[in-house]
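Consider the two complexes below, in which chain A is the common component and chain B and chain C are the respective partners.
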Partner chain A sequence: MAQVFNRRTNTIVRLGIFVGVPVILALLTATWWYYTRSDWVRDVGVAHAKVQPAGNIPGAGGYSHQLHVGGLKLDCRYCHTGVEISSNANIPPTETCMGCHAQILPKSTKLEYIRNSYEKDEPVQWNKVNDLPKFVYFNHSIHVAKGVGCSTCHGNIASMAVVYKTEALYMSWCLNCHRAPEKFLRPQSEIFNTAWTPPADQIAQGLKLKKDLNIRTSSQLTNCSICHR
Partner chain B sequence: MSKETLDIQTNSGRGYWRSLDDLAQSSEFQARLEREFPSEAAELRDPVTRRSFLKLMGASMALSTLAGCQFAIKQPQEVIVPYVRQPEQVIPGRSLYYATSMTVQGFGIGLLAESHEGRPTKVEGNPDHGASLGGSDAWIQASILTMYDPDRSQQVLNAGKPSTWADAAAALAAAAKSAGNGIRILSEPNASPSLGAAIAALTSTYAGTKWVQYDPISGDNAVDGATQALGAATNVVYAFN
Partner chain C sequence: MQSSKQLKPPVTETYDSLLAPGQSLNSVTAKISDIILFPVLKTPLGWIIGFVAAGLLLMLYLYSLATLFTVGIGIWGINIPVAWGFDIINFVWWIGIGHAGTLISAILLLFRQDWRTSINRAAEAMTIFAVACAGIYPLIHTGRPWLDYWFLPYPSTLGMWPQFRSPLEWDVFAISTYATVSVLFWFVGLVPDLATLRDRSTSPIAKTLYGLASLGWRGAAKHWQRYEVASLLLAGLSTPLVLSVHSIISFDFAVAQLPGWHVTVFPPYFVAGAVYCGFAMVIVLMIPIRRWFGLEGLITMKHFDVMSKVMLASGMIVTYGYFGEIFYAWYSSSIYEYYLIVNRFTGPYAWSYWSLILFNVLIPQVLWSKKLRQNLPVLFFVSMAINVGMWFERWVIIVLSLHRDFLPSSWASYTPTFYDWSTYIGSFGLFFVLFLLFIRFIPMIAIFEVRDLVHKTTAHTAEHEDSGHAGA
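Coming up: the complex of A and B.
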């Protein structure tokens, strides 16, 4: 009987098995990783893509933490009044901006949207940057009270002209800390310091803080119902 | 208030309806019904047939599963809308508790209403109030739903038709003049001092006015019995111990 396939097909089949299949698997893995695990799909570090405030308000210069926090050294709690007492950090009402900007730069076109909002009693709408799915419960007050500083989760806000994400907010990220908080804990005086860097003996200091602050064990803090309630 | 809302509020009786437009019986809705479902217009307008019921249920189930999915790979962009002027006590993310009361069998029971950014969500007994001591019952628990009940009265009604306070006052004056023995006000038992004061003011304006309180399920007989047995109008509280 004549051969249906000639010898060359062997090579092609081998190539297919040993090269093609791994390439396809690699592509599938990469796609899966990109869409479910990577920072890119979550816009980490992307500041320019978002218009702040939401919508195209003519003349809007948005709001810059670099100017107000980095430059003017305002405390986070001046605006984010809820961080120590509530689940929400709270974005300041127009009134808070007007407290200064009724006097400071009262004619600036970049502040027109703030004045409009105040006069017409229409709230400013800010694009949400850090956004957890609604089935996750998060609470700022406990983290701030138990030695987790803003910059651990939000990065160096004081250097950002436009806020961007520094963490992709995957569940693994939350758990990574809940399993071993000592790697990240800092003294209470440093909570609002956006440029804090861990000391050389972080683990030792962290373990001490963990004990002083009565932080629960890793198995208690990874209980599903803490975050999915 | 829009015309539709008015119409809905005044629509009394036990009609069945599938949408607010339907309920309002607006002519646009009728026209759309006939245009889009010429063969089924009669069926849709009619009391629900088994076939259309199954169809509607199937469609709504399919739609609700779809609505639960997010086809987008990225989360949709959300916005944060802060206050323009933040009310003093409001802390977004934390609930506020207001002391309030509800009439149960004529008497006010002190309650605490939990509210989130201005929306009441839960009612519990007020521990500082003698009549509830922090407790509540099924009716009190369910009373939160009346807050969001579209049938909750939002305006002056006259025989089911929307009216105004001025019209109501005029109607009262006319009635007081034509009625021989004065007006009668019928209500559930109510111990509210402010309602009492309002009715007292009415009584002094229109002589002969009487306020009749009626409760189909009342504790009056028990109080009468206690009066006979103990000599004074008494509410009996049992101590099971």
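Coming up: the complex of A and C.
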């Protein structure tokens, strides 16, 4: 009777086991990695920045934090008024824009959408940059009050023409700080300094701040219900 | 089984030997492989009817699971405090059934018990399919089964590891190890038989498929030597698993502090219960199969006699556990433990406790009689009773402990819903579909092991009718 398998069968099977299986596993791992932790899947980085606001007139440019914060030295709280008292660091209403722009550049075509919004009483459609899932409880006021500065999470906003995500917002990233807050804490005077960099003795400073600000222990800060309520 | 062989000769039962008289190396190989090697289109009607019935049950199962995934576990009768219901009852029940296969294939191999040879293959297959049925329940009972990979310790973006101090996490490792080792052990044991099928089949498709599955087995002395080493190693790996898997499952309960769960006797009591139930299931499966396929010469009354004795012994250990629980309740002086027993005896679910005692303790006592042990209808009935009784045992442990908590304000009751039942009954569909495929395409008795037994038990002169050396 003829042979069922030809003479190369063993070689083919060995190749499949020792080359094919590792290659498939490597491809699967790479795909998994890319779809769960790449900047692409989490919209991190300047490449994923979206011009603000969403309903902007094409060609008119957009709102620039670089100009307002970096150039004009506006304080974060001028627009995001709730950051110290609310869970939500609010997006400003059009009235806040018009407070200045009724007098400054009142005829500029670049500001036409702001004037339209003001006249028609329709909110400006801003793009959400950092969108936390709804099962996470997050409060801006407590972080600001306990020595976590804006730039720790949002990056150097003053340098961004168009704001983009600088962190992927993984739970591991949250826990990174909740497990060892001293690595990130800064004095109250530096909270809104977007260019703050940690000093050489950050850990010592951080531990002192942690004590002075009555920050809870890391086991309390990593309790599930601190963030998942 | 050829379809032409409808009229069976009257069965002559063998009581004192593991093989009926007149078995030879050739007759064993022919008998077992002829059950498989015939064209697909000539599959016996009985098998087709069974497969369709099992397939319908499987459809019911898939329907129940689809509803569960789209609607959520609210379709089940569970509540707070009875947060575990049919899901965990069925999980423990199925995984217990698997234990007989591992005991037969591993421990009895190490102890050189010849009576395992005719039943180990089917029992191991039963193990794997029962573990598959069991493993599904903890995966689907999580509420969001698509996140079940969270059970596994992998470098996750959550920055968290599973809770290694939880027995539920130990389950993940216990069951996945058990499933892996069982499948490997089963497959390694199959290789020589798959090679026999490759050599005996005439269809080129069957030749190719069996040939691929037999991994180039030629029956060389080197092959046999490697086979022996591999199967001994796997038997060594499996042996602690027989004890560890169900011990760890008992920790799911024993590590908790609920009355009726927080008992140190649980590990041995669970392992004995698993062996008890598993052997009952082997008997329930084997009695019809040997009749349908005419295997009375290979699975003799001696096999059933030995299995009944194992069942009786493990049943007595389980019974000791039941008395133990009553004793602990009294000796602990804890009103909660004491109330638990009173509630078992007289509470709203007392009927389930007394059913458990009837099915697991009273009915199996008939196995003391050798005459009744070797009466197949009686044995079948007793084995079914044990399967039901062991299901009731898990019901009693889970539901009766949960529904009466420490505080009367948190007491509740549990009523299974349609979906509880359909997810249970449907799992039989999965089991029997797999089992029927197994008996149709894979030798359900280890050919080479029975040939070895023939070689050992028959006079040396008779072996020359066999031409080759591939057998033993």
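Assume the second predicted complex is superposed on the first by the 212 of 229 C-alpha atoms of A that agree within 3 Å, B and C clash if a C-alpha of one lies under 4 Å from a C-alpha of the other, contacts with A are read in each partner's own complex, and residues count from 1 in each chain.
Methods note: a residue touches a chain if its C-beta (ideal position, glycine included) is under 8 Å from a C-beta of that chain, and two chains touch if they have at least 3 such contacts.
Note that this is a predicted model, so its numbers are computed, not measured.
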Contacts of A:D131 with chain B and chain C, given as first, second, both or neither: first
Touching partner for A:F5 - first (chain B), second (chain C), both, neither: second
Contacts of A:P93 with chain B and chain C, given as first, second, both or neither: first
Chain B versus chain C, judged by how many residues of chain A each one touches: B
Touching partner for A:L175 - first (chain B), second (chain C), both, neither: second
First, second, both or neither for A:R37, with chain B first and chain C second: second
Chain A residues touching chain B - in the complex, by the definition given at the top: 35, 41-43, 50, 54, 81-82, 85-88, 90-95, 117-118, 121-128, 131, 133
Chain A - residues contacting chain C, complex: 4-5, 10, 36-37, 168, 170-176
For the chain B and chain A complex, residues of the former touching the latter: 73-75, 77-86, 91-94
Touching residues on chain C, where the partner in the complex is chain A: 156-160, 198, 204, 207-208, 211, 216
